[in-house]
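For reference, the structures are reproduced in the following blocks.
Here subunit A shows up in two complexes: once beside subunit B, once beside subunit C.
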Partner chain A sequence: MTRTLAVAEGVAWRVLRNVFKNPSLLVPSLVFPLFFFTAFAGGLAGISRAPGFDFPDGYTAFQFVFVLLQSAAFSGVFTGFGIARDFERGFAKRLLIAAPRRGGILLGYALAAIVRWALVAVLLTVVALAAGMEVGGNGVDLFGLYALALLVNVAGILWATGVAMRLRTMQAGPVMQFPVFITLFLAPVYVPLSLLTGWIKALATVNPATRFLEAGRSLLAGAPHEVALAFGAALGLGLLFALWALRGLRSAERAGAA
Partner chain B sequence: MTLQIWSIARRQIVRTLRQPAAVFFPVAFPLALMAVNAGGLTPATRLPGFPTDSFYAFALAVPFIQGSLFATMNAGTDLARDIQEGFFNRLQLTPLNPAALLLGLLGGVVAMGLVQAVIYLGVGLAIGVEFHAGALGVVVLLALATLILIGFGAIGATMALRTGSGEAVQGLFPALFVFLFISSMNMPRDLIPIDWFRIAATANPISYLLEGVRSLIITGWDGQALALGFGVAAAVTAAALVAATRSLRTRMERT
Partner chain C sequence: MRPNSIEAEGLAKQFRKGPRAVDGIDLHVSPGEIYGFLGPNGAGKSTTVHMLTTLLPPTAGTGRVAGYDIVREGARVRAAIGAALQEAALDPLLTGRDHLRLQMALHGIPRRERSERADELLVRVGLTGAADRKVGGYSGGMKRRLDLALALVHRPRILFLDEPTTGLDPQSRAALWDEVGRLASDGVTVFLTTQYLEEADVLADRVGIIDHGRIVAEGTPAALKGEIGRPTVEVVPADPDQRGAVADVLARFGEPSQASPDGVAVRIDGEAELAPIVRALDAEDLHVAQLQLHAPTLDDVFLAKTGRSLEGAEEPEAVAAE
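Here is the complex of A and B:
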């Protein structure tokens, strides 16, 4: 266990040092969530006047939850890009040879993704509050919201790690990114689920991201609703993607991390 | 000169067709985004003052502009690659007229962009969007799309000629995307309640391009929207062509 943690610490430290020393890696992950938040909360606020739109804390808070969860998922995906880059440059091969406990590599990448997202989450929260976001929930509710986003972050990194370890090339970027993007946008992004109609409602109803969004918004509003279901879905996805990532690691080992 | 322009344009088209990603994403991504946005934002059509009862009709203008942004990226990236790989230097050793290089490149961009535009139109008609300006409106829309493509293509070429780097051209994409999102892309300007956003959207030239295209689809013949759309497109195109010509001259002196 100690050796696993030592590997994880080394990997996480290296990833974070790379990210924080390289603006081209750090800035997009900070700027894009703020940009989406600005574009959605600012440009679409009028839709909160549509008949049946009943979120009590205003459209800024409504969109904040989506952007928070989106940033969590994409921080994981961005870390997956870094893993693919490590494979392309041959560093991952040396890492696999040197690490006494290879599970620590996965843990290290996951820790780095969590720290990376934590910075985004703090910045986004500060900007949202400065923009006048209303918060109806108490401390426990908000803890629940950020815990849920953390689970989404971990699921995102494990998904991207599994892809990166199987394909081992930067060209795998769209494979990591596109399913996450589509899954998130096929949820009730702009209006509550009850206002969706047609094919998108059918898809959104079975989409796990809908559970995260609806529960996250209810927590922010201080009226928790189906929170256990959302945590269950997030944990389930996390476990599924943990297996996916571990098997990806085995795939990279079998391939000699070529 | 015409032969030179045709040769460069044909090369641009062929090299684009040889890259499946350069063909697929500019067509598929804007349509996917339109589908997702229109699905989620349909309740907006129930807002008092919303100009149509179909969000698909409202949103159909977006792929035309977004597709043009993709065309910009492709043209710029291809030209940058030519510079990076030395093809541009070798081209300068030939009797090729410099203007033909730029016109040929833009010709290729327009040809590919018009194919995209026809696909967007076809998809719009297939999902039941009514085209209020009729058949003549389609011709006007394609004319506006052509002007926009030339302007955006020239912006991409300027970036490529100035930097000589495909990565730098790709770096322009997020900035152009910001312009698209801070516009009347998803909501008419008069229905945006946040003051600063409405002001930014009003100052953003992309809003007028969108509204020009959109007016042909959901209104019919709206002289003001069309005048603003064509006026802004012509101004952007003229400025971009001047910048591209200057950048081409500088690049040729440098090499």
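Here is the complex of A and C:
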């Protein structure tokens, strides 16, 4: 276990050092969530006046939860890009040859991604509060919201890691990104589930992202609703994608990281 | 403590939809030995190194490195070895010192030792002045030296160097040879792949020659060269009309051998001495434009074993596997 942690420390340190020393890697991951938040919460605020829109804390808080969860998921996807780049440039060979415990490589990438996303989450929260976001939930509710987002982040990381380790090329970017994008945008992003109709409502009802959004919004509003179901879905996805990522690592090992 | 040896029996790698890059090789590299693995591009050198360093699983055969099985005990093998691969896999955004720090973390070297060990290795490979510069700005030689330092961070007992001097200038190459020699004198076993004959000749205690994924010859450089024969003497007469007379004189010293268009050559019987030949030519009043003694080289060994010269013996169909 000590060996695994040592490998994870090294990998995470390297990713974070690159990110924090190179603005071109850091700035986009900070700016894009803020852009989405501004565009959705500001530009679409009128939706809150639609009949049946009943979220008590207003449209800024309603959209904050979506952007928080979206940033969590996409932060994981961007980690996959980094892993694919390491394979494409041969750096992954160094990691695979030097690391006695290779599971630590996965853990290291994941830790770095979590730290990166935590920074985004803090910045997003500060900006949302500065923009006048109302928060109805107490400390426990908010802890639950961020814990749920963290689980989504981990699931995103593991999904993208699995893809990156199987395909080992930057061209795998769309394969990592597209399913996450579709899943998120087939959830009730702009209005509550109750206001959706037709096929999109049918899809949104079975979409796990809907559970995360609805539970997250209920936590922010201080009226927790189906939170256990959301956590269960996030944990389930996390476990499924952990298996996916580990099998991806084995695939990369079989191919000699080529 | 387990021996720092390298052993393989019937080691093979068949790539899916690709060539059989390594075709059942047997190896035994003793502790403290420098083993030169010589062959043209695409012969299977790098694939062999990738299997022995646990980067690539073999499709057949077994291998033990530092006493550990390369398939079942990969983690132990990796802890015991250092490896500098053909393409120095470095992150252009990190500095040399950053790379050392990362490598030490990967090997679980305690934090309190890292700074001192990094300085020690930077001095050893002559990169102290460039330690805090991003690797993206390093020359090829600097990258190779950093790669060697990275392979040494955890004081490995066995070192794999995959074409470590390819593309280096003569000065950097000589410096790297010195360092490899020092490591071997410290008891480190060195497995060195190369396509340079001189490198194998100068550095290796023993040489294995690989072609088409099979070892075609193995032994000390002297024994291999001795095995394929005697030196040749080639004479180019000053007057081309005297080629026949020169050939008659040389025939007294050995059997005819292949020569340049203007010359006459014989493979010498007995000791490789030029003086009796010069005296015999002088006695016949034959004037000589050039006289050369060719000692056998490892290229002659390769030629004798494969029917091709090592220079330009690249195998395009297998390059992808290398």
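Throughout what follows, the second predicted complex is superposed on the first by the 258 of 258 C-alpha atoms of A that agree within 3 Å, B and C clash if a C-alpha of one lies under 4 Å from a C-alpha of the other, contacts with A are read in each partner's own complex, and residues count from 1 in each chain.
Going forward, contacts are C-beta pairs under 8 Å (C-beta built on N, C-alpha and C of every residue); 3 or more make two chains touch, one makes a residue touch a chain.
Please read these numbers as outputs of a predicted model, since none were measured by experiment.
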Message: If we overlay the two complexes on their shared chain A, which of subunit B and subunit C does A:Arg49 touch? Say first, second, both or neither.
response: first
- prompt: Which holds for A:Ile200: it touches subunit B only (first), subunit C only (second), both, or neither?
  reply: first
Message: Touch test for A:Pro188: subunit B only (first), subunit C only (second), both, or neither?
response: first
Message: Taking the superposition on A as described, I'd like to know which of subunit B and subunit C A:Val7 touches: first, second, both or neither.
response: second
Message: Just to be sure I read the superposition right, which of the two partners does A:Val180 touch: subunit B = first, subunit C = second, or both, or neither?
response: neither
- line: Per the touch rule, the subunit C residues reaching subunit A in their complex are 50, 53-57, 75-76, 78-79, 83, 85, 87, 89-91, 93-94, 98, 101-108, 150
Task: Sort out for me which residues of subunit A touch subunit B in the complex.
output: 28, 31-32, 35-36, 38-39, 41-47, 49-53, 182, 185-186, 188-191, 195-200
Statement: The residues of subunit A that touch subunit C in their complex are 2-3, 6-7, 9-11, 13-14, 17-18, 21-22, 89-102, 253-257
Query: Where on subunit B does subunit A make contact in their complex?
result: 32, 36-37, 39-44, 46-47, 174, 178, 181-182, 185-187, 191-194, 196-197, 201
